[in-house]
């Protein structure tokens, strides 16, 4: 199945779908972690097939269940990723980002000691260090407690509003989508069955109480 | 260039933080330090044995240890490089590439503007720096302890020979580090990643010399080569085929000649060329690893 | 007890389907075959050289010929025993590590530990299963060795040779169980799985390779190619008399060697197989008497290692272990 999708700059886009619908594969293709067997995609003006390096310079990526080098400290981890993103002297930028995330005072602690919520904040930090135009988040709330979910949601919204970052988010938590996303797409068996702004989507189904009901109305079913 | 340097620096930092690798490193340095002392104690005792035999009138043969080189005391180090050095290099090599696959940090790395060759070359440079630092330290220790044993600082010639020995050791250890990197990149399980290079190491160190030169496995751990009956026949033929692949034996030969081991004669050139060829071939194989392989997950 | 058997049965089932295990055992078998082939080829070389020498003597008119080289079939197994010493121990470590690591990696540990198992059922079952597996492996290697000696070595085997080989196989089993149990205990105690494996490998390096190597290189007779005393043309009784005066040095050297369990295994098997000349063709009873201390120490070391594994592998240690 082919996928045709256009996410305008400045959106917080939520890609929804059941397990195995192809959400992670889509993100892997868009972040150039996978090469497409056919077709193409353009991120911030760069083609994933012809200019993968340009795409990588434009994006930040937070994978599901992000992990780090546990024996290294927070600062050492972030310095490494910042330098790989091309920042020569990254310390000042790291401090700014940690301050933005309200995550100061842990610089010299080894990441191996961090909780899931703390790791997720480090995950966001490493993804935005180099001020990417587009931020890809794969199931960012997976495994977080309610407080962690709320903090992450607020961070995503701030990154979008304060820095104009375009956010592309994979999720199957429909309640989070209504609070975070400006537009949504629904993927089913590798095909996009719905794509519109959140407001239009909710308006198009006045009879349904929630996004969850709309989701099932669109006949998105898991493969049996 | 940024990727290469950043990866090299990162590798050094990760090795320094990994307690177990440091433990193995300490074992290596400790054994190299002990090597001179063991050589000295043994040499002193054997000289006393010879003197006793001579005064008892049991022999008229000349003392086989007359005028041995001061580097005689470092000859056990050759074996320690083959045993501990190679295994240390394997462990470091495996962990260097398996680390990203195991914790899936490879996705964080590869979603950045990172060239895979630069990334792997950087890791390799990091490993090379650590191994060079270890060998530099062990050479300084050897130089110091031998100078103390012989009662005078080693002259330029033996010092240079120790440096050549260190360079050869670096080449051998890097070959095994590259082997470790390779299995760290391709194995589906951590156990396999560690075990496969260990098995290859044991096959190269013990099995190949046995097939090619009729050398018993345990005898290969003695720096003094055993007298081997090969003769006219099958061993010479098989030895000619397996010999180039028995790189630990090639290393032992080149290092022995560098350390003025009198039981070894001839030129070390062929052995050095072989070590260099293996090093380059392994480097090429590792650097040619695909991006997809770098981010392949483990099956555990 | 039934819990223990259940865990043991599952362990054996896993091993039967484990390709890595099959490859390791095949590697050991091939190495043994190669060593027998090399040793028998070497013997034939010696025999050829002897025949040539005798023919030359006859041609020159001399009728007194030196004794012909004699083939002692079990001596052909020396290389195989040395492979077991080094590689067998290495593979035993891998097996010990895998038994804990696989439960952790596939997440089945929590399922097992949530059952009403006895304090030692898990560790006991694992060790029982692995010990049975090693028994199978050692039996197979014994058969391979025997066949190799008869076919590749073309050596006649007597009943007493089989008995000697079986006794040696028993010690090989104890030696392999020792390393497996040690690694099970170390892996269970380590908070990170790979630390357990690497620690076991460091111990293997020290006790299988380094300590015996130091002992070997400190041997005065190992200082010159061909042997110091042979080079100086000194007869055996004189050699012993001279060495008796350096007993302190030899004591240290021997002390180093016997601190390694590998040397105990080596001395036992070399004595029973007659690889060590001193025990070659000696009655089995006499070898038993001479080797009793080593058989006690190897058995005690294995027992201690199994006890260590049982005590170290608890619910608490297993649950804090992570990959």
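Per-chain numbering from 1; labels A, B and C assigned in written order.
We take it that a residue touches a chain if its C-beta (ideal position, glycine included) is under 8 Å from a C-beta of that chain, and two chains touch if they have at least 3 such contacts.
Being a predicted model, the structure only gives us computed values, none of them experimental.
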By mean Cα position, the chain sitting nearest the middle: B
Identity of the chain that, by mean CA position, is farthest from chain A: C
Chains most often in contact, by C-beta pairs: B-C
Separation of chain A from chain C, taking each centre as the mean of its C-alpha atoms, in whole Å: 55
Distance from chain C to chain B - Cα centre to Cα centre, in angstrom: 25
Rounded Å distance, chain A centre to chain B centre (Cα mean): 46
In the complex with chain B, residue positions of chain A that touch it: 31-33, 35, 53, 56-57, 59-61, 63, 65-72, 76, 80-81, 83-86, 88, 126, 136
Chain B-touching residues of chain C, taken from the complex the two chains share: 20, 24, 27, 31, 34-35, 38, 41-42, 45-46, 48-49, 78-79, 82-83, 85-87, 90, 94, 97-98, 101-102, 105-106, 193-195, 197-199, 201-202, 205-206, 209-210, 212-214, 216-218, 220, 222-226, 228, 231-234, 238, 242-243, 245-246, 249, 266, 323
Residues on chain B engaged by chain A in the complex (per definition of touch): 2-3, 6-7, 10, 13-14, 17-18, 99, 103-105, 107-114, 292, 295
Complex contact set, residues of chain B against chain C: 19-20, 23-24, 27, 31, 34, 38, 41-43, 45-46, 48-50, 52-53, 56, 58-59, 61, 64-65, 76, 79-80, 83-84, 87, 91, 102, 189-192, 194-195, 198-199, 202, 206-207, 210-211, 214, 216-218, 221-227, 229-231, 233-235, 263, 300
